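Listed after this line are the structures, all set down as structure tokens.
You will see subunit A twice below: alongside subunit B first, and alongside subunit C after that.
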Partner chain A sequence: MRKGYILKDKLFPWLEAIRAKYPLIAPVQEDGLSLFKEVEKVSDIVLDYGITRMPPKDLFFPQTEKMFRIKNKNNMAVELETPEKITDEQVLFGVHSCDLKSILALDPVFTTRFPDRYYQERRDKTYVIGLSCQKALPTCFCTAYGITPTAYEGADLHLTELGDKYLVEVVTERGERLVAAVPGVVFEGTESLEAEKEKLTAKVAAEIKPVDITGVKEVLDANFELPLWEKWAQKCLGCGICTYVCPTCHCFDINDFNRGDGVGERFRCWDSCMFSDFTRMAGGHNPRPSKKERVRNRFMHKLKYHLDRYNLVGCVGCGRCVQRCPENIDIRAIISDIKGGV
Partner chain B sequence: MALENPLLPYIATITKVIDETPDVKTFQMVFDDPEVFNVFKQKPGQVAQISIFGVGEATISITSSPTRTGLLEFSIKKVGRLTSVIHQMEPGMKVGIRGPYGNNFPYEMMKGKDLLFIGGGIGLAPLRSLIDFVLAPENRQDYGKVEILYGARSAADLCFKYDLFDNWPKMPDTQVYVTIDRPEEGWDGHVGFVPAYLEEINPNPANKVTITCGPPIMIKFVLQALEKMGYSEDQVVTTLELKMKCGIGKCGRCNIGSKFVCVDGPVFTLRELKKLPPEF
Partner chain C sequence: MLKEKIKSTVSSLLENKQVDFVIGYGAGSDAGTVRPTFVKAVEEVQELIWSPFAVNNLAKYVMDHLYENIKIGVIVKGCDSRSVVRLVQDKVFPRENFYVIGVPCKGILDKNKVARDFDLSGEFVDFVEQGDNVVVKTTKGDITIPREKYLMDKCYRCETPTPVVYDVLLGEEIAPFRRDNYEDVKNLESLSVEEKSKYWDKQFEKCIRCYACRNVCSACNCRDCVFDMAEPNWVGKAANLSENTAFHLIRAWHVAGRCVDCGECSRVCPMGIPVNTLNRKLIKDMKELFSVETPGKNPEQGAVLGSFRTDDPEEFM
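So, the complex of A and B:
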């Protein structure tokens, strides 16, 4: 892996050079919310943003996505028009290690076995630039899953602020293409920066309240029924915010929009396993009829099912669900209950 | 013609509509581009997504056998939004089809065995793809005796009457048992629920595979009855129905534990079924 650096005061000019070439999506502050958004001016980019309200997954898997246009003349003649192009090349900047890892967790869902054209094209055409955390939030627990707060896995290029420089790690071939397309990274003398990065990693990791997931998978493998599901389900409102803000939740619904004159479109949009009609069939049968089954499904997906299917964690410890749950349902407390077998 | 966008349906035309029961119709469909039949190679037990453009999609099992080439049949019960609309459709109208999805009945493993099909209501639709597959002249010698046990609420609710009373009984070494839930005027056949009739017939498990599909409650009691009669978990095959949207293992709703029914199912042996959490 090639390593280089950018002087701190050269970062924004470098980002501006990127922005001149590609749409640049980066963390900004808007109405008090921290979010990933295409930037008009690089000076709007917020570098010490903590965590964005929403993960960057909608860059690859938009909340609502038109799949094709429909022209239907009374079911006697049908034309379908798929978009020629899903997206232009774009650059996503400033992604923290938990969110980087979540992209890797979504990849096999969409790109293996019946590859999803929409996701694949967005993924292929997006350069992802990671950014190491400088501090941890009280809700952060990426380390529980073996993710370090400065890890580059999932990024094409990864930046770490260290003193008056940013260490630049070129992680992928796509990252090489980006540094070739936009000059500015100096490829020399990064040894001291690498040592500094290790210190930063240890500092931020030490700020994270430890969560130990050892044995959690094994308890869940052996027990589908545990009293804790009923307990947590009693608190749950079924609002679905946990799935909405989750970087690894990938459930969607498919629907047709019909203008009334036969013209319309088929779209997909995010859906949630916390909703009762998610699994309710037309005939009325519902395999997950109550909140207990739905709460269990969500946490089993995070802690067991995704591992079973893809050998990848279904939770990256970003803490968004912990921050946003109106009933303070905390996956860290659920992990602790599971370990206790209660 | 590669399926480069698995979410984009092929356009097809309804060529025939058969009224099966007051709420079940069978739709024969043909792809508008005949080349599609060369890539759409279903196996018995697989499902497809049927589109009505502007309305949506629903997952429907393919009820015709792959041995009947150049057409697909879907038997559809009117239960929801999309199925209510398709029930109003007529020959000549356009629909969309994508698939085939899911695994299939293990027809290789069944070779040399006697087969007992146990169906209830619309549950006969997926079984019919395999029944007609094994009864097809090119495959018949690969399988032993074929028995079909089928029940519905009433005589009017029996699907595929032309097969049950005409086509299948004429086939070599084939026996059909039909029952309805309650006695009714003009019905001189068997009366009673499918699991009870099964126990009455008491078919010997030796060298036999059973394939069952029906309402969840029927499946539950049929599985119990089969175990009581001494069928091993590998001799019992069933096919499940869960709500699906994408059909390709992505949209997340048809999971039973770590399995997605759309790609890992819908066909499971009783042995596989017992390893799944009871959430279906």
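So, the complex of A and C:
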């Protein structure tokens, strides 16, 4: 893997050169919230942002996405108009290691057994530039899943701020294309930077409150019924906050915009397994009739089903759900209860 | 000590089988966070705490037990107690199935405000009131918080520091000492139509349609919510400005006259939308038009838009 560096005071000019060529989506501050947004000025970018309120999954899997148009030709036929192009090339900058890993967790869902054109094109046309963490939040626990605060898996290019330089790791072929298209990275003399990166990794990892998931999957493999599910489900409001702020959650619904005037648009939109009607079927049957079944399903998905299906963790320890759950349902406490066989 | 009073009250209720279980507060992920805790056996009572951060409104949880005909104990502050009135008035849960444990409250600390100036990342151990300060003991040390500077916004305008209904009151009644002048609403009322439109567009664009505001609201107690209907699809599921605006405005109107202004909707919103301001505008208007009190404050006052009075200004409806 090629490694280089950018001087710290050359970072924003380099980002500006990127922005001049591609839409640049980066972390900004809006109304006190940190969010990934397309920037018009690189000076809007906030580098030391902790964690964004919403995850970057929206770039590959938008909350609301138009799929195709439906035109009523006559009463016997419709015409479908599928888009020729889903997106232009774009650059996503400043993604922390947990979120980088989450993109890899989403990939097999949308690109393997059921290849999804919309996701795939967005994925192919997005250059992902990762950014190592300089600090851990009290809600961070990426290390529980073998992710480090400076890990580059999931990025095309990965930056780490070290003193007056950014170490740049060119992780993928797509990353090579970007550094060729937008020069600015100096490819030499990175040995000392790599050593400093190790130190930074250890420093930030030490700030993380340890969470031990060993044995959790085994308990879940052996037990579908556990008293802890009812205990936690009681507290749950049944809203969609956890699923929507989660970088790996990917359930969606499909609906139509239809004004009855002969032209409609099919769209898909995020859905949440926590909503009471998520599994309700025509006829009224609901295999997850109470919060207990739905809460159990969500955590089984994060801690077992995603691993079963794709051999990838379903949770990346970003901590957004812990920060935002209105009733403080904490996956780390649930992990602890599972280990205790509660 | 309030924590001890809570524990002994709850223990006694459980021992005497006066309730099937009690909903209170337990320790949460950090010193500034509490977690709703459901206690059905005396051995579990030691999980219950009191905390200056005990913000969650616990009343609506009774809706998970609608047809069971059991008795549920709920710990409520002044604002939460109005939700009890709401649920009883809407005939959602009978008064006799509630055992209301009232806690007089001068204000709850806002953990977001506190976290800007103090380290709340340790675990909550205990707290003590020291004059104007609250000293919170955490596993990362003690923090001394000047109470009046760090309250939830809603607490500065609280007119019911003592619960309006209770079966037992754990502490001395506190006479109302604050006034709600609806400053937040007046500030928006003073804007031009264009400015208001821009303001709310900006807020509703942020909405991710998580429905936390609806789910936490005790006035949102319909068995089948209009927003869950696919046929007809009153408000579409797409999260765009048009649909989001429809959601918020329709919800505000659906709870109008029944919202008790507990403020939970704004607290739970993950995107920082001041949802409660819409409801408060309607409450302010109703107070001016119909000379009523904040719904839920007076259990004798019927639903504002659902009661007929012979002195109503309009004869019909």
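The rule is short, and it goes like this: the second predicted complex is superposed on the first by the 339 of 342 C-alpha atoms of A that agree within 3 Å, B and C clash if a C-alpha of one lies under 4 Å from a C-alpha of the other, contacts with A are read in each partner's own complex, and residues count from 1 in each chain.
We take it that a contact is a pair of C-beta atoms (placed from the backbone, for glycine too) under 8 Å apart; a residue touches a chain by one contact, two chains touch by 3 or more.
Keep in mind it's a predicted model, so treat the numbers as computed, not measured.
Partners subunit B and subunit C fit side by side in the overlay (superposition on subunit A).
In the superposed model, A:Thr172 makes contact with neither subunit B nor subunit C.
When both complexes are overlaid on chain A, the residue A:Thr139 reaches subunit C alone and has no touch with subunit B. In the superposed model, A:Thr87 lies in contact with neither subunit B nor subunit C.
Once the two complexes are laid over each other on the shared chain, residue contacts for A:Met67 go to subunit B alone; subunit C is not touched.
Counting residues of subunit A touched by each partner, subunit B versus subunit C, the larger count belongs to B. Legend: residue contacts after superposition of the two complexes on their common chain; A:Ser34 is shown touching neither subunit B nor subunit C. In the superposition on chain A, A:Asn255 contacts both subunit B and subunit C.
Judged by the touch definition given at the top, the superposed model places A:Trp270 against subunit C, while subunit B stays out of reach.
Across the overlaid pair of complexes, the angle with its corner at the CA centre of subunit A and arms to subunit B and subunit C is 90°, in steps of 10. Across the superposed structures, the minimum distance from subunit B to subunit C, using CA atoms, reads 6 Å. Put simply, subunit A uses residues 253, 255, 271 to touch subunit B in one complex and subunit C in the other. Touching subunit A in their complex are the following residues of subunit B: 4-9, 11, 51-58, 79-83, 89, 92-96, 216, 241-243, 245-246, 248-258, 263, 277-280.
Across the complex, subunit B is touched by residues 67-68, 70, 72, 75-78, 80, 82, 109-110, 113-118, 224, 250-256, 258, 262, 264, 266, 268, 271, 273, 278-283, 285, 287-288, 293, 297, 300-301, 304-305, 308-309 of subunit A. Against subunit C, in their complex, subunit A makes its touches with residues 31-33, 53-54, 63-64, 138-139, 231, 234-235, 237-241, 244-245, 253, 255, 257, 267, 269-272, 275-277, 291, 322, 324, 326-330, 332-333. Of all the residues in subunit C, the ones that touch subunit A in their complex are 28-30, 33-38, 56, 61, 64, 121, 202, 206, 208-212, 214-216, 228, 230, 233, 236-240, 264, 267-268, 270-272.
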